[in-house]
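Here the chain labels run A, B, C and D in written order, and each chain numbers its own residues starting at 1.
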Amino acid sequence: MEPGSTLTNLRVCVVGAGKMGADHIERLSRRIVGAEVAVVVDADLSRAKKAAEWAPSAVAESNIGPALDREDVGAVVIATPGFLHKEMLLQVLERRLPILCEKPLTPDAASSWEIVEAEQRLEKRHIQVGFMRRFDAEYQCLRKLIASGELGELLMLHCSHRNPEAPKEFTNEMLINDSVVHEFDVIRYVTGEEINSVQVRLGRASRHAPAGQHDPQHVLIETEGGVLADVEIFVNAQFGYQVATQAVFEKGIVNIGEDGGPYFRSAGRWGGEVTPSFIERFRSAYDSEVQSWVDAAKQGEIGGPTAWDGYVTAACCEAGVAAQKSGEKVKVSLKAKPGIYC
Amino acid sequence: MEPGSTLTNLRVCVVGAGKMGADHIERLSRRIVGAEVAVVVDADLSRAKKAAEWAPSAVAESNIGPALDREDVGAVVIATPGFLHKEMLLQVLERRLPILCEKPLTPDAASSWEIVEAEQRLEKRHIQVGFMRRFDAEYQCLRKLIASGELGELLMLHCSHRNPEAPKEFTNEMLINDSVVHEFDVIRYVTGEEINSVQVRLGRASRHAPAGQHDPQHVLIETEGGVLADVEIFVNAQFGYQVATQAVFEKGIVNIGEDGGPYFRSAGRWGGEVTPSFIERFRSAYDSEVQSWVDAAKQGEIGGPTAWDGYVTAACCEAGVAAQKSGEKVKVSLKAKPGIYC
Amino acid sequence: MEPGSTLTNLRVCVVGAGKMGADHIERLSRRIVGAEVAVVVDADLSRAKKAAEWAPSAVAESNIGPALDREDVGAVVIATPGFLHKEMLLQVLERRLPILCEKPLTPDAASSWEIVEAEQRLEKRHIQVGFMRRFDAEYQCLRKLIASGELGELLMLHCSHRNPEAPKEFTNEMLINDSVVHEFDVIRYVTGEEINSVQVRLGRASRHAPAGQHDPQHVLIETEGGVLADVEIFVNAQFGYQVATQAVFEKGIVNIGEDGGPYFRSAGRWGGEVTPSFIERFRSAYDSEVQSWVDAAKQGEIGGPTAWDGYVTAACCEAGVAAQKSGEKVKVSLKAKPGIYC
Amino acid sequence: MEPGSTLTNLRVCVVGAGKMGADHIERLSRRIVGAEVAVVVDADLSRAKKAAEWAPSAVAESNIGPALDREDVGAVVIATPGFLHKEMLLQVLERRLPILCEKPLTPDAASSWEIVEAEQRLEKRHIQVGFMRRFDAEYQCLRKLIASGELGELLMLHCSHRNPEAPKEFTNEMLINDSVVHEFDVIRYVTGEEINSVQVRLGRASRHAPAGQHDPQHVLIETEGGVLADVEIFVNAQFGYQVATQAVFEKGIVNIGEDGGPYFRSAGRWGGEVTPSFIERFRSAYDSEVQSWVDAAKQGEIGGPTAWDGYVTAACCEAGVAAQKSGEKVKVSLKAKPGIYC
């Protein structure tokens, strides 16, 4: 924001008042400068009303139609389950409002491509997809370092994504679609390269994983430029939360996502506390993501990850799930990138 | 802030448009929710005008009088040089507005005590002093740890306060008054105890210190409860910025202020970047300090360090400067704590 | 060694006076208690003589025959190039002397199996193979931790093996046979499981690798119990030397091989010195390996990695080289383990 | 040791078969090359006999006289309580044998000075005092770094010396004489400067300290060149063992004595194991000290800390104990350094 920007707050319609939606409502009301929540939409109207209490001037609706008809609504956050995204996105695109759509853009590559085409017809980007890791200072630093060539070319990326535990209903497909999807995005983000192929290794599974979850898994990824990435995805890791990457360059190694904070020596041990969850790890990335979106929206712009990024990661996830089933290396095939994303 | 708090922004008068003042204006305009700058006051009107550009609806004044007469001003930030604080504080106290006063409260214990008395006459706290370290997550964690007794009693504190370099005009007195003052405050904050005495050791000085600065110095502090603290103050330390504390408990040792961030292995070295300055180290503490003050001010309250804290640290600084000159242990003597601070 | 063990030194014949052999001669003469070098054998007699200077009472020979005829020789260290090992081993086995044979046992699985059979015919182990990592305190600690079950079952191992630079004549096969061979051994050592399969991924290569070296490579290994291991082998990594493993358990993560030593803050950086080479990293493991071999040999015993371990790693290396060429997962097939190794 | 050094072992008489003496006997027998124990002397003959079992060819004596009469004894280790050192040293000096004398040289400066004079009369150094920290790789590295001037001049040293717990009979004087004595020595060693003064601060004491021990204490030391050192001595620190130093240079900060080893993430914590005791921390320093003494003794030389160092630290300890009692800064006064120590 430059000196002199307007005082008028961006009035935001938040669709979906579940955990993520409520979180965005609280964020927009308490930590984001220059925005406020105008409407909260949820099929469950009482849930919408409850979530709207955080936002001093917000009204609740059970349907997106009336919300979009309001003159004061200047932007939309979509935080419903993914299978509802496509219809919502098409409706909001018609109104040509800036959108922050939680990931996934849509649950599969084909429907994501429809969104890409619809946006392309408007000849302007309206959608930012909620890949908030791009707003994390350490990933940004890694991206800059790769681009700078300071340590030579990037050769490999060793990623780990560890959650203390996953819900029982988490399936093997969700391991890819909900967790590894972030790694697909950041690998693309830090390298600036598309992903060519995915392979998945299944070995000994943790006894702490609920039935039906083969956990951990080892995902092998190759970019178009030949960078070899591998992701350990482990969603019942018990010890705490950790999202870390080790980047191997021609002339050095860089780790991000290391634990920090107060350092103890007690009871025969040195060290500190492991980050307990993604909330502590990525809180400021979420804030920074939404602030950045609000600032751009007020200027009529969209920055951040695009619908194209949403489409590509959907294609990667499809390849990932297929690889999980076959054990083979699966190629990721993409349509040509439309002009507005170039 | 609870759900449903009012939308109306707190309109703030910022007095002093130098480095610190301009920083607060930008912060209030861009990162603090629920506040906006109404007036910028600086004897140098053009400087006031320039700083006011960050704040969309702010006007500039060269004098605090007209600013305080404005109906819409609901709170005041004082960011002028310390020797001007006393008069300003008395004027604003008359208007009974909430104040955030950058440290020092005033330059000496006697004048600080006058402020304490003036505030005490109002029978309510109006002043928060800008000891922003209390809003740093690691100091807060240390304070909680001490209070919890989890590692037994606190016995010692080893503090270091290292700047890459100090301005030429920095004097030995300023070493105490501008730098060690923060350590006085946090020692009091984390222990919950007053400081009894100060001693200063001068040894070999760095050749990188400008003439007239004996740097580093070793400051020995004792609390009323017998905690031994020592502070290495080193303002021309060249290598980078570091503010760190090691707390020695009966059953363990805790370090705060350790470096973190991306971890490199390159050119025969492992490690990362040292924090370059207090800006990176304490940026979020400043934001959190001001947000907390704004939130409280909107409820008619003052939290955070008080005028009493300002007075006590002024007394500690006086003892510190005397100790610097004599080489002896100097007792800190304090008047009785007035009721509104209890 | 128990109190009261005999004073008589074990008199050792060292075959091969190249870098490794000379190193063992110096070690046996200066740092190993209870042993001394009796003969140094090298086809290049002047090299043998030169190396023998470290050992006060040693004679030099150009041929192993006369050396083995000496009455005083009680044990043999073989440190010649691998392709000469088979004949030497068979000769020494005939004399039934304890042998410390530098890795590889022999250059391929078939010839290693011949040694295994020859030793099996003697109905007693005589050969220890030079996998010195088993004598490194951190690998020993990891092995104990896995066996203890303290952190649940071991699920994955992420290994990295980085050298600052490799000789020009280093081939892709040598990457497996000379470097990854150590990882094969320690994976077997810490897990207590055999290796089932090997796959190799080739991606972008470092421009610092000499022609003909595709470096780094990513080696995927699976144990019979389903542990997924992966090894980044990178022999032109420039920044320094690093051999590290991250073990993923059901309830925690353990890293070994982290850098330590003096910790600097200077010139805007925190950290320390990367280990420059395998010498600093594994010096004490070498000493401990040889001391352990000497102590056992004096009791007529052999501890440490066996000829069977030499045979198995040779089979793993063969699979690794095949995998390198095909890009496919290659199964490791082993003969049944002879009784003396059980 | 150069190539070609003699095979004949140095035959050592160890006086004192308590904990330290037995430790040296085991070391000389098992880990030190080129030496063996010839006689073990202890007033308690059965204790001497028991300790002598570690040494294959050793005999036991209850008196030093007959031991020194033995033709084969080439060197003496003194490991009795300090108050017996003076008489022993004088007796052995008469025999002109190389001596490794455990610290303290003698219990006070006056008697240490007598030893210095006796040795000076022999016109050659015969005594090495057991300040084993000088053989620790990190202290050696720090000493080199200071001498190099690479980070500018050394300005301050922050030392901590923490034991898990002290025996009940440990007195305040022993805190200085048995623990801080090592810090006196290493401060002299790394700086190459004598100590000018000592002051001791007593604050809140740990409730885990036995009656009569005021623990921890904060010892302030100044070298002749103006380096300010401070030592936290804390012998009931519960959490584990730690001997660490932070050196403050004009251009950087260096820490030695940091914990290392395997790095865990488990149960919400990251970190590793604190060194449990001085044995793990300094084992290799002890070995290296004794090996170095043996190597020199076989050449008729003495390296390492001298009787002069023993005398000076005794003077520092006397000043330290006086400072402990008075709370004041106490000057250390030394006689002129005799020629054989220059």
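Definition applied: contacts are C-beta pairs under 8 Å (C-beta built on N, C-alpha and C of every residue); 3 or more make two chains touch, one makes a residue touch a chain.
For clarity, every value in this text was computed on a predicted model and none was experimentally measured.
Peer 1: Of all chains present, which has the mean Cα position farthest from that of chain C?
Peer 2: The most remote chain is B.
Peer 1: Please tell me whether B-D or B-C has the greater number of C-beta pairs in contact.
Peer 2: Pair with more contacting C-beta pairs, B-D versus B-C: B-D.
Peer 1: Distance from the CA centroid of chain A to that of chain B, rounded to the nearest Å?
Peer 2: 38
Peer 1: Please report how many Å separate the Cα centroid of chain B from that of chain C, as a whole number.
Peer 2: One centre to the other, that is 58 Å.
Peer 1: When the C-alpha atoms of chain B and chain D are each averaged to a single point, how far apart are the two points in Å?
Peer 2: 45
Peer 1: Send over the residues of chain A in touch with two or more other chains.
Peer 2: Those would be 238-239, 242, 251-253, 264-267.
Peer 1: Help me check something: in the complex, which residues belonging to chain B touch chain C?
Peer 2: For this pair, the touching residues of chain B are 238-240, 242, 259, 264-274, 276.
Peer 1: Quick one: in the complex, what on chain C touches chain D?
Peer 2: My answer: residues 1, 3-7, 29-33, 36, 53-54, 56-57, 138, 141-142, 145, 151, 249, 251-256, 258, 260-267.
Peer 1: Can you list the residues on chain C that touch chain A in the complex?
Peer 2: Residues of chain C touching chain A: 152-156, 158, 162, 201, 203-208, 216, 218, 220, 222, 225-228, 230, 232, 234, 237-239, 242, 248, 250-253.
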